[in-house]
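Two complexes are shown next, each including subunit A; its partner changes from subunit B in the first to subunit C in the second.
And now, the complex of A and B:
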């Protein structure tokens, strides 16, 4: 492709986040802050049982409480038009207020709407629900045998099944990852305002305004054009806002019934049961190798939890099919239906979980072989895609190993566990590899050059934090030669030209390509106007003025070329950890972390660095502290708040280093850039577990690695 | 949250009058009380705000240091007199909560804060402390954070404070006012064990209020240490914490003060270990023996058995730090 340019990029170069000032000064307006006139407030009441049916609901006290406008339950809620059709699938999304069945603890059973948030909240506590309780299961560990293959899901077999068992050196181990919850800082929120009988505007926390538009249009049987979804800023999401959830449907329903704008903001506790999570997953890994470290077989099994009403599947075991060159690979994936709400993709969905088994397993195998874990990975490096045999579009994983090893000081690692101390603390080094598909979808971008030489870019995409607007500005600035401060970006609105949901590490690749292509077209037009090759010495502004044009505008749709299908496209990461472990109290401190990403050209160095750092921190939470705990006697969460569900805080995080191979992928898109959102987290938890083993000789296979597991 | 009345107190006398009526609660920093109201654990009719009373002072007395009930946790932890005379208190305070919370939290509020047992916090769950007679959710539930000392068949919750662990070790007194006037109570007697009345956290009567604490002067300043073992480096309650004050002469321990947090319904003084250490040399071996003595009578539940190993390890470690062996 011609448009590839060599981009110089280091962590300190490049644009500041274009909306950074707005965010830190509080001027960025988030969805909950659109306080339209006449706004009323919705608060949900959740089920206190885990399985069964609602017998009676006494909502009188709530209805009579001060300021209350309405209380909706399955008994009186207006029917959601889209829910009246018979379901096309045996299982599907939970339908709020549709019947009296209880599938999980905390399931919304009522919505109170009042003139203030506080009054709605108080009234919600007055609702009395009587239930017929039924038996339930919420513990995956004791239900693994109840797992079933997902529909359309086949076990994967390449070569011989379970071949690892025949290898001269082998390991076979089980790993547990408990439920992790996205917990973005911003609570999920919606304001719904009907502009007539068949038309509405919503301000919503969403990763995709068009996805939300589609879902609401389907549920309320509207023309999608009549559903205007606005989401200019999103305070983190990590997958939790990929789909439209039932609180959003409930708010739209209530706004319609009351003919008033309704705002509904979930509580932190509801964030644990209303918007998905990374599912509790059991895994078993079998790895076998020849004495010189060549892999003979990989067998990877996983059982993940889902709800009773809906199957959530993820590619937990796929990473074992894709990462290493190995003649015999087989994987099995099972779903266990429990009385819990449905999980949802969470940063590195599938791979982040799978990498724990694969990359801890590789470390265990390296120890069994008495081999350096990096050497083991290099020996088994896949030069072509192990699944399809296709060539890679680009892959510089070996460079990444080297960069990271040098930066962390891998040469200081002593292979013998528990052999190095610093100031009375045990020292350990560990590493883990991550990979994730590099995607490019279709997007449309409008680029408009104004007479004063400034450039507008518009597209529907939302920015959930990675810095999409900044990347777009960088790309446009480079292609057009227009200074970044002369470029403005408008995103997060369904009325703008279509672009995909922010997810799957695909937005810079997809939307960035459309920005590139729109700018290239705009330049062509300018060239035509000026009649000279590069516009001569005339500035863009002068060209427009010479033709008396107030503006010049193009709208360009860009998508992947068929040529791309010839290649296997992935992004890679390698995470290195140096940890200190206290020998008697079991406290683990991350002393240094280095993450290296091989994800093509870096188009926005500063925000790319932030992405990697954020992902490493999320992986640190996964490895060392995050765990949503259910008391299985009640089926109810016991730590659904920030005091008890621990995410890393500043003191847990040392200086983190983010390094980039920064070599373009020639095939994926004009920038040569591949995604990095997911690989930032995939492999981190394994690196930590491996470092803790190196420090202590203790292999913790059920995460998180809290002090009690090390003493 | 239920609607409530709010008044500002202008004198301790006014506070006493207000709280003599049922349904009235004192509010200081509000960082614990308001959480309880939001969770529906309590629903007071009236709050009496004491923040405007002149009870913020940190002043030397003839033989100690007086700290007013309204002195903020952050202010106490940085106060020059505290750092000089009672650094252990500063260390414990800084190990608690977060800077934002410490900027709101008061001495009296910290002493009076209630357990963080998650069964206590969830009104759907049984809890004898919140609702006597409903049972203890934690006993056979998720009891990883719970007591290994002094629990009863009714309740296995722990007191969550860090500050109180230091005050217990330092032989502080709580200064209390009530209808009958002012009185003093040794800090170690202030909090209760759950016994058959887990709903009662301490011996402060419903119509009494705390005016402050007083810490007697001591020789521990040079050899004090607060060790808090927790699931993350900051902003987490203790799995186990240890407060140590040693009066060292050469290598010999003249006297020792030790208390633990995260292990009992009250800050847990280690009298046996103190007795053992008095007159001994400061060696790791002696510290380990003291730690073993401290563990007598410990009893664990399904998820907190690790504390039986962690607690003595933490005691030894804290003693090593305090004596300068580390």
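And now, the complex of A and C:
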């Protein structure tokens, strides 16, 4: 393997985050941090039952409490105009304060608005609700048989169904992933401020200002142009802010009724029920192979939970259709409706869940074959897209396996489980592969060169953390030859040129391409102006000055070419884990982790490295600690805070290594860059489970792998 | 609490402790109604005057120094330092991540020590010096920890960052930054969901080894 060193992203190499100064000085403003005049505070009160109807609501004490301006419930809440039309689908998003039905525990039943946060919070405790309780189900495991096919969802069959069953070597196992919750550090927040009857501004935690604009416009029957959504800084989201939730609609409603700006910040407990989560999912994996490891059949089944009122389907089983070359593949996905709130995509969404079954399954198969798990994957490497037969736009997964194996010290792995100890701890190595579609949508970017030679870039996209502005700056700097500190980026505002929601690992590809194309056009214009092919020796500033131009501006929309449709486009990752397991207490420590990404050109090395290690850490939470627990006797969450829902903390995480293949994809976009946000997490939990098995000989198939499961 | 001297004197006015004080106008109106109430008392009750009077009694004076500037405030005793900073003083650099003392996003320094401001009532810091993230840099010159976080990319979304930086500075001051392991232990009260942990450790180590005053 030549020059691994070169491909290793140094922690300090590359451009610092362009908004970093604002973030380290506390000047970056998140959505709760806008001080509009006359601001009042909204606090929600949630249902204490899990299913049934509201009998009576006594809001008198709350209404009379000091500072309270209003208490809204289904009895008195102004009607949301867009909710008055009969629904076009049998199921759909929960509609706040629409009727007296209770679908899940914690469902908002009232909104208190008061002049201070403390007063609203106190008054919310004074609301008394009497219910008629109905029976409910919150446990997926005991309701798997009630699962139904998603609407428009067909079972996938390639070749022969259940072919694994008759293969010379086979495994068949079940895996459970409990509910994981995004829990970004910033609480979901909205400030809504109406300007008259048909116009408003919201400062909102959202991954897409235009998506939020559309949702609010629909709900309140407004011209989308009249809904101004501002969100320049988002304190993490991981999928939780992909859609507009009911607390946002409630705040907009209250602001309209009261003619005052209303701020509503969810509590940490509400972050578990007022927004979505990764659904509890049961999976069954059947893998069959020839004695030399060639896959004969893959059968992947999954049942995921959803709410009673809305179907949420994700691509849990798709990864088994796409990852390996195998003649016979069939998958089934079932939805189980429970008395819970609707899930929503969480980083690496269904693929991250599916990869647990597929990549743990492959490890189990490797043991059944007495084969190295990397060799098994290489033997079954897909050279073309198994689903469509299309060629890949680019794929260097085999390089990635090699890079990672070298960096983790795979040669030190003893295939025999529970055979190596270090200072009294059992040592194990494991790996898991991830893949996710590489997309490119449409985006519009404005690029403006000013007479002093500085460059402005503007587009509506939000940045939930990966460093979108920094990537845009890197791309523009490269194309224009303008120093990064002369470039300023304005994002996170619906009034700016349109660009997509941040999600699905597609923003650098989509918005980055528009930045690239805008800069190319700007350069062309400058060349024309200067009258020479390369602009001569004149600087951009001199060209503008020579023509007496205060600025030169282009607005460019850029999207994928039809040519791209000829190729299958994916990003790949391989995660390697070395774990230590304490034999008496069952404590698992990540000793070393290496994540390798094959995702085209790396446009922003410093932020890319952070994104990969951040994804590895989230996957570590998924594998070792995260689990939202419902007490099924009451249907109520029992660990809806950070003391009891464990996310990885500083002490859990060693130095992590992120490696990049860093070879451009020739077809996806001008930069050759593919997404990495999802693949950073997909495959991590499986790598951990596989490493724990190698360390202990215990195969934990119901995540997270907590110490009790190992002793 | 080693030093109670700075706490405001307990208010001994009888009506402050009386839970029924909000209704005193209404009650006196009721009682005296029989005995021909003065009309203005009835009116006052109707206009929620009792509430407003009670509101004044409910607030307590709070004098403190924030980032070197003196502040004299009237606050409700239940208001947390975090909410006072964010909602009353527009010092929004200090973040709310849980409001339960479980995440560290709200970490500030009180008299030089790191403190979880969501679990600190405003009135507990009467007479004390509070430093928030906004007070760490000297004008345009960043604190070495802020520089190190930038260089090592000790964050992504930036929401946990002010708390991490305030904690990191205190971690070195306390003498708890002598090894990677020790830093990890003493920084474990600050959650970063974006997963910048290794970068944060690297930043702290560099500042510690650089020897610049923190």
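Observations
Keep in mind that, in the parts below, the second predicted complex is superposed on the first by the 699 of 711 C-alpha atoms of A that agree within 3 Å, B and C clash if a C-alpha of one lies under 4 Å from a C-alpha of the other, contacts with A are read in each partner's own complex, and residues count from 1 in each chain.
In this text, a residue touches a chain if its C-beta (ideal position, glycine included) is under 8 Å from a C-beta of that chain, and two chains touch if they have at least 3 such contacts.
Since we're looking at a predicted model, the values are computed, not measured.
When the two structures are aligned on the shared chain, A:708 is found in touch with subunit B, with no touch to subunit C.
Shared-chain residue A:136: touches no atom of subunit B or subunit C.
After overlaying the two complexes on the shared chain, residue contacts for A:650 are found with subunit B and with subunit C alike.
The larger set of touched subunit A residues comes from C, when the choice is between subunit B and subunit C. Of the two partner chains placed around the shared chain by superposition, subunit C is the only one that A:26 touches, whereas subunit B remains out of contact. Shared-chain residue A:439: touches no atom of subunit B or subunit C. In the superposition on chain A, contact of A:118 is made with both subunit B and subunit C. In the superposition on chain A, the residues of subunit A contacting both subunit B and subunit C are 118, 643, 648-651.
Subunit A meets subunit C in the complex at residues 11-12, 16-17, 19-30, 32-33, 35, 66-67, 116-118, 182-187, 233-236, 238, 265, 267-268, 464-467, 606-607, 609-611, 613-618, 641-643, 647-651, 653-656.
Residues 22, 51, 54-55, 76, 78-79, 83, 86-87, 90-100, 102-103, 105, 132-134, 136-137, 142, 146, 149-153, 155-162, 165, 180, 183-185, 187-188, 190-202 of subunit C are the ones touching subunit A in the complex.
Partner subunit B is touched in their complex by these residues of subunit A: 48, 118, 121-122, 125, 424, 582, 584-587, 589, 624-625, 629, 631, 633-634, 636, 638-639, 643-644, 646, 648-652, 706-708, 711. Every residue of subunit B that touches subunit A in the complex is listed here, in rising order: 1-3, 40, 116, 118-119, 122, 124-125, 137, 140-142, 144, 227, 229-237, 239, 306, 309-310, 313-314, 316-317, 326.
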